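Across the two complexes that follow, chain A remains constant while its partner is chain B and subsequently chain C.
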Partner chain A sequence: MRAWLAQRVEGVPAAAVVALAAALAVYPLVATQPFWRHVVIMSMLYGAMGVAWNILGGLAGQVSFGHALYFGVGAYTAAYCYKFLGLAPLLSLPIALAISAAAAVLVGLPTFRLRGHYFVLASVFIMEGIHVVVSNWDRVGAAIGLEYPVYKASGFVDALWHGQFQTKLPYYYIALALLALALVAFRAIQRSPFGMFLVAIREEQDAAQSLGVNVARCKLYALIASAAITTLCGMFYAQYVLYVEPTSTISLLISLEICFVAILGGIGTLWGPVLGAAVIVPLTELLRAYLSGRIALDMSGLAGGGIGAWLEYYARGGGGNLDILAYGLVIMLIARYRPAGVLGFFRRID
Partner chain B sequence: MIYGQVLVDGLIVGLMFALVAMGLSLIYGVMNIVNFAHGEFMMLAMYFCFFMWALLGLDPLLSTPLAAALMYFVGVGVYRLLIRHVLQATMVAQIFATFGLLLFIQAVANFLWKSDARTIPVSWSTGHFQFAGLFFNGPELVAAAGALFTAGALYWFINRTETGLALQAVAEDAQAARLMGIDSDRMFAIAWGVSCAAVAIGGGLLSTYYAITPLSGARWALPAFVAVAIGGFGSISGAFFGGLIIGVVQTAGGFFTSPNYKQLFVFALYLAIVFWRPYGLLGRR
Partner chain C sequence: MAETLLAAEGLTKRFGGVFANRDVSFTVGRGEIVGLIGPNGAGKTTLFNLVTGFIRPDAGSVRFAGEEVTGMRPDRLCHRGVARTFQILKPFPRLTAEENVMIGALTRSGGLAHARAVARRCLALVGLEHKQNVLARGLSTGQRKRLEMARALATGPQLLLLDEITGGVDQPSIPGLIELVARLRDEGVTLLVIEHNMRVIMGLADRVVFLHLGEKLAEGTPQEIASHPEVVALYLGRRDGH
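Moving on to the complex of A and B:
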């Protein structure tokens, strides 16, 4: 037992991993306030998406800024199937995964030939294009989005089937399971021959190709795996907030948040996204809770009040968006001072 | 005649895209950085012109040169404080530096000026007229002419002045340029200043007819990336023609389907072009 606990999982002792898992399992029993549970739920959700992004971005070195697309596929499929087809999340799951895989193939086939900025921009444009389509598509609620019909469950099994709970506790453990699933999948891929092919592609694509690695197929499989986990997270998100709309699912900001979690903690590492999410998500959730609550104050009547009125207006939060302001500042500071992420595992991606 | 109108409208919009894209391409050509925050400098220039009009009653076309001078120094400042330090970093770190800047500037604008749309109702160029069976909107035509003039000035600066040639030398081979006594750090700063000044002129010209919100700049910058890619990253004249092409494609696409979908055609054009030529229509590598 002792020897087992001293083993290292990607540089972290197994004992520490067990301790982390135990701490996460016990946390919601100690922290009973909904907000503090919510903060860790979102951290685990983004941690899982960061780990998923890392399969493609970290192992294979393909920097995608379009992962919000797969998040949106999960969120919209869950919401649409529940609202219009009456399908429970477990029944819409295979549909969502099928759409996600199809989307991954459609995105991957034309774009994986591209390198550097051309690939990054292609991933952005495809995602933005889908955003435009969804924002104008009345069947899926267009720009307003889809609101879930609230379901009053009788008993836990019924609630589980409908994926709607009265408290945050069940959501918490589902998010924890998603994070565990993402980590297990990443580790399995990383240690398999397939994972080594991906690393070979990242380090030297042409050399890998000349040694017989099927570059196009490996990248595609990595994207399908990465997209599948991101889609699961999207489904969870929809069931959690019971409301989906284009800007909070399929947007550049969400894409950026997913990939920033992985980059902040150290790109291409198993634990990097977990650390990144643990740092940035609570920070943004706290900023959001304390700063963006004061949005869009009334400006009328200020003109006559002179400088003092304006200063008071800004002191009370101005036009809002202070949370995004701080988030942008953090991103710039990290890029400026710690370009290899907080863990500092330097990984060059070209 | 309707096709002629669509073509002319597309070219008028395209000249503005061309100006935005040329600044993007200048920075990419000189230091291999994609500036995601390019449109935000345009938005700042629009707000500058708005407040000069609202507080001092100055016509936006008069404030435009002032906005350009101001944004030159903002661009140099951004280079010195942020960009200079990520030049040796990975592509991902560089993308995050300029993307963080985009979020930051947009949020600052939201905080200071709210997200409500502002407009400058009357400018010197306000009015409509008809010529050769085609309809023209005064402010749009003046903006297009200004964009064309600025694009020409930019082209002249890059190709005919000593500083412009030094910029090209740095773009070609920074190390060799340094051996020839060109201070590449200074050149990079100038490239940022000039790029931001050019896009600020675009913003000033737009402020005479375009709604001013914290997101106004981003709406122009995203399609402009397609123009840059069409022309091949780093090619100034390629970006100019790329801008004209996407202007026509966006206008025609929006006209024949719905204005809501106009951007889709530009994105599809990007995918079609890079699928056919992975380094852009005119690009080499």
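Moving on to the complex of A and C:
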């Protein structure tokens, strides 16, 4: 047992992994306030999405700025199927995964044969295009979105089937399971021949191809796997907030948050996105919570007050979005001091 | 000559208005070592890229083992038995030497354990077994050339195209590399080799194809090429060499 705990899982001692898992499992029993549970739920959700993003971005080196598309596919499919078709999440799951894979093929098939940054551009523009379509599509609620009919469950199993709970505790453990699933999937891929092909593509695409690696197909499979996990996270999110609308699901900001979690934590590493999410998500959630009461500031002094009045207005949280500014600041600091990501603080970069 | 393994027919490639290759035809017989020589800019590497599917010819055809493979993608060609190295070396820098070679083995058969065994054997063949756990970017130029050969060999090729055996390699390493190429032929691999060093190619090749400004100027045994008036003129820089 002791020997096993001293083993390392991608640079992190197995004992530390066990301790982390135990801490996460016990945390909501200690932190009973909904807000503190919520912060960790969102951290684990983004951690899972960062790990999923990393399959494509970290292993294969294909940077996607459009992963919110797959998040949105999950969220909207779950909401639409529940609201209009009466399908429980478990039943809409295969539909969501099929749409997600189709979307991945739509983005990846034309661009993965090409070299350079075509995939990055396609990932953004297709996601933004779908955002516009969804924002104007009345059937899915257009810009207003879809609100879940609230279900009063009789018993835990019934609540689980409908994916609606009265407290955050079940959501918490589902998010933890999603994170575990993402980590297991990433590690399984990383250690498989397929994962080695992805890394070879990232390191030197021509050489990989000359050695018999079907570059376009490998990238596409990586995208489909990555998108599938992200779609699961989207479904979870919809069931969690019981409301989907375009801006909080299929948007560039969500896309960037997903990939920042991976990039800030340590791109291409198993634990990087977990660490990245643990740093950035609580920060933004706290900023949001802290600022939410202060946004309705008095704007009357701005007209004649000059730049000083504006600066004061923004410093006090006027206009909102200070969390996004904080994002920018954290990114600049990490890019300056630890380009390999937050993991770089804990180990030497060779 | 033995059975024809590779047959290029009328290969032509233009970049803008410049012919990188113009109507180049040649064959490589099974078990041969064929040298491809010519001054800088003669179109040797372009010809390699045409044969290995990295670029598509504007005209002409490539047949491999009797089958039409013109414009076939490099990975599919690799599965048919064509492997190559690159003039500008392309190792996977952040993978170990062993992992580099494993990639080549894995595209042929699934298992990691089997691929590792193949990789060890190929690394031993090129004399890099002591470097198996070193990251590729930590290897010298000569070692990286050997690594690329091992990687290509791990795909189990019938035909191996080597782009510059000795280019950029320090003088003392050259005899070892030459000996390695000869050993590969003994292993049953057919070789098409680009080489700048005339002395190297003369001692190694069964036949030599000489390219100049994208066109095939001469073809023959090393002795015939060495005494070919135009080749002599080009290599000695005489303009009145006829």
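Methods note: the second predicted complex is superposed on the first by the 314 of 350 C-alpha atoms of A that agree within 3 Å, B and C clash if a C-alpha of one lies under 4 Å from a C-alpha of the other, contacts with A are read in each partner's own complex, and residues count from 1 in each chain.
The definition used in the following text is that contacts are C-beta pairs under 8 Å (C-beta built on N, C-alpha and C of every residue); 3 or more make two chains touch, one makes a residue touch a chain.
Remember, predicted model here, so these are calculated numbers, not experimental data.
Judged by the touch definition given at the top, the superposed model places A:Ile126 against chain B, while chain C stays out of reach. Of the two partner chains placed by superposition, A:Tyr171 touches none, neither chain B nor chain C.
Counting the residues of chain A that each partner touches, chain B and chain C differ, and the larger count belongs to B.
In the superposed pair of complexes, A:Gln209 makes contact with chain C only, with no contact to chain B. When the two complexes are overlaid on their common chain A, residue A:Phe112 makes contact with neither chain B nor chain C. In the superposition on chain A, contact of A:Pro193 is made with chain C only, not with chain B. In the superposition on chain A, no contact is made by A:Tyr240 with either chain B or chain C. Overlap of the chain B and chain C interfaces on chain A comprises no residues. Contact residues on chain A toward chain C in their complex (touch as defined above): 192-193, 196-197, 199-200, 203-204, 206-215.
Chain B makes touch with chain A in their complex at residues 28, 34, 82, 85-86, 89-97, 99-108, 110-115, 222, 225-226, 229, 233, 258, 260-261, 263-264, 267-268, 270-271, 274-275, 278-280. Those residues of chain C that touch chain A in the shared complex are 52, 54, 73-75, 78-79, 83-84, 86, 90-95, 99, 102-104, 106-108, 110-112, 115, 148, 151-152, 154-155. Taken in their complex, chain A has these residues touching chain B: 63, 65, 110-111, 113-118, 120-122, 124-126, 128-129, 132-133, 135-136, 253, 256, 260, 263, 267, 296, 299, 314, 318-322, 324-325, 327-336, 339-340, 347-350.
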